[in-house]
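Reading through the structure tokens given below for one structure.
Order of writing sets the labels: A, B, C, D, E and F. Residues in every chain begin at 1.
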Amino acid sequence: QIQQELAVANAQQLITKINENCFEKCVKSPSASLTSSEEQCLGRCMNLYMSAFDQVSRSYVARVSKERAGGMGGGL
Amino acid sequence: QIQQELAVANAQQLITKINENCFEKCVKSPSASLTSSEEQCLGRCMNLYMSAFDQVSRSYVARVSKERAGGMGGGL
Amino acid sequence: QIQQELAVANAQQLITKINENCFEKCVKSPSASLTSSEEQCLGRCMNLYMSAFDQVSRSYVARVSKERAGGMGGGL
Amino acid sequence: QELEGFLEQEQAKAKLQASVHELTNTCWNKCITGGISTKFSRGEASCLENCVDRFLDSSLFIVKQIEAQKQHM
Amino acid sequence: QELEGFLEQEQAKAKLQASVHELTNTCWNKCITGGISTKFSRGEASCLENCVDRFLDSSLFIVKQIEAQKQHM
Amino acid sequence: QELEGFLEQEQAKAKLQASVHELTNTCWNKCITGGISTKFSRGEASCLENCVDRFLDSSLFIVKQIEAQKQHM
């Protein structure tokens, strides 16, 4: 159950971060409703943010494993 | 008593945020003392930040009520 | 022992902040490895950040003492 | 049990207050990009009025997109 | 009770340290706007020297204004 | 004791997740400086690929510098 809570928290945190960063990029000046070009931008931005998240996860896990294997003698 | 503590914490948080944002806007390059034009800017900025805070509170409370009433079927 | 933990936490927090701010300033576009000019910039930036930290510590401690001595009647 | 209900309510209030502070900060940075005058420009005022609702719309839009993508997988 | 006093003191120290880290970050961003050289420019050094005191002055000024406004209500 | 190990592991996982969220935010801000297109530009993609490793290199470099300075004191 803890594992599930972690997964849910992780997904929520990702959505929060996507919204923060994509609202910033895509909704330059909030008007009476989201325009269709704002929505298109949000859709693209969401996909890009998720792939950045995947890239960062992979790089980070790879690096932590490498450091643990003792290849560099440094501590993160 | 908890209610009072909440109100105090809320006021303190508002002052902290006003100072962060208005120092940023009004004191471009800190000198030997606050100049009178910096103080004037801080006074105006404080009033504007408070009215932004009021606007955001009203919008947010209205939106949360509306969503709860079930008008949109979405969850915040 | 608590004192030591505090000192360690303080040093770690300082390193975290140096890295955040100096990575921002010195590594404009991450490439396949840190270049020597990026490393030189990081070295200088680290020294500057530490001296900014020292300046801020001194100013802050001096100000808090002064306020406590009751010179201004204001509360921070 | 009444106490429990009271505490829960106060906790909800604290959370709401934190959200309002954060949203105010976000909308201030989004809408007030120029200098500080005695009152908001027309553009700033309209931006602030709409900022919270568009921010929440944006959040709901993202959630819906994610759910739609999940079903297509 | 001595322990309690000790713990309180350590807690105060931790809070002070957190404030110093945050203020350093604020003042670094306010004062160091250009590239990184071997030492601070004259303008950067003077900005850093004054930054903490003006930040706290600004905070006190805001508190006084709010109190003055309350009395006029 | 098995429970303890399990809890520690979950805590480590939570910490790793928090680091990934923070690093993603840092690298997004560093690498995605222009508009939002359907895919990353070549420069953005390469920046993102290298961002985490250079950020950690930078952190290790700073730690080593500090240790080197300590020994010279």
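We take it that a residue touches a chain if its C-beta (ideal position, glycine included) is under 8 Å from a C-beta of that chain, and two chains touch if they have at least 3 such contacts.
Just so it is clear, the structure is predicted and the values come from calculations on it, not from any experiment.
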| task | Please work out which of A-D and A-F is bridged by more C-beta pairs in contact, and write that pair. | result | A-F
| note | Computed over C-alpha atoms, the centroid farthest from that of chain C is that of chain D
| Centroid spacing, where centroids are CA-atom means, of chain A and chain E in whole angstrom | 32
| Where the centres are mean C-alpha positions, what is the separation of chain D from chain E, in Å? | 28
| query | Quick one: chain C and chain F, Cα centre-to-centre, how many Å? | reply | 19
| Computed distance of Cα centres, chain D from chain B, in Å | 13
| Mind pulling the chain D residues that touch 2 or more other chains? | 27, 31, 51, 53, 59, 63
| said: Using the touch definition from the top, which residues of chain B touch two or more other chains? | reply: 22, 26
| task | Select the category (line, ring, star, complete, other) that matches the graph of chains linked by touching. | result | ring
| Should the ring be read from chain B with chain D in second place, what is the ordered list of chains? | B, D, A, F, C, E
| query | In their complex, what parts of chain E are in touch with chain C? | reply | 6-7, 10, 13-14, 16-21, 23-25, 27-29, 31-32, 35-40, 48-49, 51-53, 56, 59-60, 63-64
| field | Footprint of chain D on chain B - complex, ascending | value | 2-3, 6, 9-10, 13-14, 17, 21-22, 25-26, 41, 44-45, 48-49, 51-53, 55-57, 59-61, 63-64, 72, 74-76
| query | What residues on chain B touch chain E, complex-wise? | reply | 15, 18-20, 22-24, 26-27, 29-34, 38-39, 42-43, 46
| remark: The chain F residues in contact with chain C across the complex are 26-27, 30-31, 43, 46-47, 50-51, 53-55, 57-59, 61-63, 65-66
